Amino acid sequence: MTRDIDTQLQQYKIQRKNRGCLLIRCPDQPGIIASISRFLFQYNANIIESSQYSTNHESGNFFIRIEFDCPSLPDQKEEIKTRFLGIAEKFSMEWKMTFPSDVKRMSIFVSKELHCIRELLFEWQSGDLMTDIVLVISNHEDARELVESFDIPFVHIPASRENRQDVETHQMKLLEAYAVELIVLARYMQILTPAFVEANPNRIINIHHSFLPAFVGARPYDRAYQRGVKLIGATSHYVTNDLDEGPIIEQDTMRVDHRDNIDGMKKIGRSIERSVLARSVKWHLEDRIIVDGNKTIVF
Amino acid sequence: MTRDIDTQLQQYKIQRKNRGCLLIRCPDQPGIIASISRFLFQYNANIIESSQYSTNHESGNFFIRIEFDCPSLPDQKEEIKTRFLGIAEKFSMEWKMTFPSDVKRMSIFVSKELHCIRELLFEWQSGDLMTDIVLVISNHEDARELVESFDIPFVHIPASRENRQDVETHQMKLLEAYAVELIVLARYMQILTPAFVEANPNRIINIHHSFLPAFVGARPYDRAYQRGVKLIGATSHYVTNDLDEGPIIEQDTMRVDHRDNIDGMKKIGRSIERSVLARSVKWHLEDRIIVDGNKTIVF
Amino acid sequence: MTRDIDTQLQQYKIQRKNRGCLLIRCPDQPGIIASISRFLFQYNANIIESSQYSTNHESGNFFIRIEFDCPSLPDQKEEIKTRFLGIAEKFSMEWKMTFPSDVKRMSIFVSKELHCIRELLFEWQSGDLMTDIVLVISNHEDARELVESFDIPFVHIPASRENRQDVETHQMKLLEAYAVELIVLARYMQILTPAFVEANPNRIINIHHSFLPAFVGARPYDRAYQRGVKLIGATSHYVTNDLDEGPIIEQDTMRVDHRDNIDGMKKIGRSIERSVLARSVKWHLEDRIIVDGNKTIVF
Amino acid sequence: MTRDIDTQLQQYKIQRKNRGCLLIRCPDQPGIIASISRFLFQYNANIIESSQYSTNHESGNFFIRIEFDCPSLPDQKEEIKTRFLGIAEKFSMEWKMTFPSDVKRMSIFVSKELHCIRELLFEWQSGDLMTDIVLVISNHEDARELVESFDIPFVHIPASRENRQDVETHQMKLLEAYAVELIVLARYMQILTPAFVEANPNRIINIHHSFLPAFVGARPYDRAYQRGVKLIGATSHYVTNDLDEGPIIEQDTMRVDHRDNIDGMKKIGRSIERSVLARSVKWHLEDRIIVDGNKTIVF
């Protein structure tokens, strides 16, 4: 199966070899777009898609995502980035410039429930997630067969309350060794330490099996059933050290009725979790998300 | 406008003159449906629609809604109800038998925001809510012009924390005088006293402007905006003395994005509130809802 | 009621007095955004929201919508427009610059079914449609009471196959007299002549009561019912001389089931028609729509 | 992986060993439910879930689905069926009595696109589709690795216009040898002959990649893109000899926008196809579907 994926990734990289992407957040003022677009024009770059948004009535912030095509990009990546520093400083920008052909290296953390990792692997295999899945880490063995059938390294690190520090030290070494840029918690049922989270800001995506902020915490389906809700949902978010409080990336809901008991809700919920998580990961990989405090802007 | 509604209601009553509806909740056991259906057959009643559901794995409850057509119904309503008592006792049923041609008498309580009452009035006028709207009560004058244009009595009862008791005494007298069977809180921004609520069990429907149990309490859109959710929702429920905790009848959600500020969310929310409330009222009027503890079964 | 609306419109105009909006379509090439944004910067304009899209792999077209705030706008509207001509010519743009404070003048055409016009009037009254509704034309009297309760002129022009030409002559005179900029067919059951349509390019919005292109033509709910579909829908589109084939602006669907007969489908359909039409009109009024051949781009 | 599935199926069969399901369609008249429920009561059967519906205003048909629990079922299956014949005759019923513990034997037909078969296999593996998948037939080799990883026999039968007769003869022999009861066309891109279809009435489920009846026929996404629709959909239906005209089981739609080109639509469409097909197959396996002419009633 892996051969297909490699071929798709190669094609994608070749097609995108001149593509760049700018993500910017800064205080709003006139002239920002004029400066950026003149800069890009100097490199003969063509803007393919741009989305911009200003919260002028609140904090006065400016957000933009620009995807551009630049014929000389392969030879000038570093120069373009360096020269952009001037504009970035002038407007006090938080920014990054990424290149779609540098596909992101991703690791999946998983426990015993496999529906989310399966969805990611199959979206990946279908060419719908352009990423290198370089490593899967689990505190159980359940996912091994599936993961290894994709020729992806699978590392089993048993976890418990007592050994959390050791587990994370091991995980961090692996993440570094594999140069991982995005960690996806695909129903990974362990709480990460503050140190781990802080080491990976806006780089850990979690799927929570409820429509947050309803049913924050454990056993959301049980509580949804007890409350008698008519819709259940799922939420993907970046992980911060406020449990279940990180910036929400995507949410969705589906209808349930009185015939759906807790198991029925879990089944329906699995399909929401799958699609919500897959969409979030896709947007992150395409550099469509800007984090603004505890919110996300998805362009 | 009222003449159209009267004509529609008259036609509806004539078409439904042989129609009855049974709503039952009882402990589950074999033979219940056999008994009910034999009973109805004795009256030559034809079952038009029936939905049944048993929670056999939990509390072992049995729920059924049967709508039937009985040629001799107009002359035998009381006899049929009386004779059903035997079956009801045998199976320890909580039950009611209603007759669609006895359209329910409804009162709407409203404050300053009119979108929900407007929706109800127009669904009513379009023939989509078969009810007599006999009275509108408000703590403000804003709805008067709209309500009176439908020839519906409008009573303004100013409300404050201090006079709550007097207000409710006045309201209760009016509800009794108008023989009101259903109270709809269409964004009525006053909290009802326990006595008022207990006097109207499962007869007060409220619309809450959030996807409960998220954002229980006041100012849900403000808090939804602060939390950065990607969907907002509304919830209709029967009012109990646990604030925002009554049995949920219906919920729905709609997508918002970063461009929607609090005002934008409120606008989107209004359209959800309108449709969620209208559906709930419709189901209640059609006797499709059975309350089971803190949940509803909507057949 | 009208006084509220006038107050809201006045506030809106004052708040937006410095606001401008550019809608552009042209062949794609590098430098377009740089030119536009430098131009705006010269007027010290701040870009509030911009969305851009290029179909570079197909026709190579470039589309952009820019909303900007310019302190000197009230005194320089004409100068800005005139001076933009140079850029427009250089890049072969089809373009328009509009000013939100010049709210559009709108006319509604309606026949006997009132749910769509009601929705528009109430969205308008709630401050959700910033427009002057200056005229309602109908081939029936049904909407008169409703329309006149909003102090909007209502003109009854009986229509038949024989007098279509006279009817339209009358209509066109009225549209001119009232300086109408947008015509909304809110379930207007007459076919317009090619001359009328050509005189109003991309200025007539119709609501079709099916999920086009399914059930093109008459009686879509009857045919949907016969076909046994599980969702029904509605479609709003600009009117062209290809019946039901104009550029689609918005669509939506809702679930139906076997219990919904044709009348039930019509009731459900009405609520889809209402919201789909209202959203389309809102987007048109906010200048969010660019027509591209037989498609729309909604920014 | 197969061992898990076998365990789940065994548990399911044991839990459902006393379960029966009646699906009935007949002309409407009083007394039907009384007769059925008395019959079941004689066997001490408890009705778990029943749904009934009458089209009394049209064809006067009566439809019911009853799921029941009968302690003596395992020893009396044949007797119960035989004795039900009396009631069935009296009311001119088309009927079937099925037993959930006799899980249905299913075959999947597939071509080169694997997303639908993958979804079915993973829903199956997760315990969400209670069936024996006994055989996969394909005109290509693409699905072999996936299918064989589940220990399911995979048979490659190359197909072309010329050899259609031979192909189907081969297929029919296999279906008989494997005692297949349900055929799912999971994006199988071959047209079946009338003889094949007639031999499998209401036993072949197809997924069509459009919101039928829009875009009947080939290349629906291309045509949806050309038409500029704002939602795309998928439709599952029983296969009849009217191409794309069989009774619709389920449909769903998702939103697309101007940024989605044909490939983007196909990607979005894949996720709709997957869920729509999986839901249909689930409902068929649970005997929730009654075919009524060219429509389905899904209880």
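Every chain is named by a letter (A, B, C and D) in the order it is written, and numbering of its residues begins at 1.
Quick note on the criterion: contacts are C-beta pairs under 8 Å (C-beta built on N, C-alpha and C of every residue); 3 or more make two chains touch, one makes a residue touch a chain.
The chain list, named the UniProt way, goes like this: A, B, C, D = Formyltetrahydrofolate deformylase.
Model, not experiment: these values are computed from the prediction.
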item: B-C compared against A-B, more contacting pairs; value: A-B
item: Identity of the chain that, by mean CA position, is farthest from chain C; value: D
item: Averaged-CA centre spacing for the pair chain C and chain B, given as whole angstrom; value: 36
item: Whole-Å separation of chain centres (CA-atom averages), chain A against chain B; value: 43
item: In chain C, residues with contacts to at least two other chains; value: 49, 53, 259
item: Complex interface listing, chain B residues touching chain A; value: 53, 55, 57-58, 63, 211-215, 226-231, 233, 247-253, 257-259, 261, 292, 294-298
item: Residues on chain A engaged by chain D in the complex (per definition of touch); value: 1, 49, 114-115, 118, 122, 126, 128, 145, 149, 259, 267, 270-271, 275
item: Residue ranges of chain D in contact with chain B within the complex; value: 28-34, 37-38, 40-41, 44-54, 56, 69
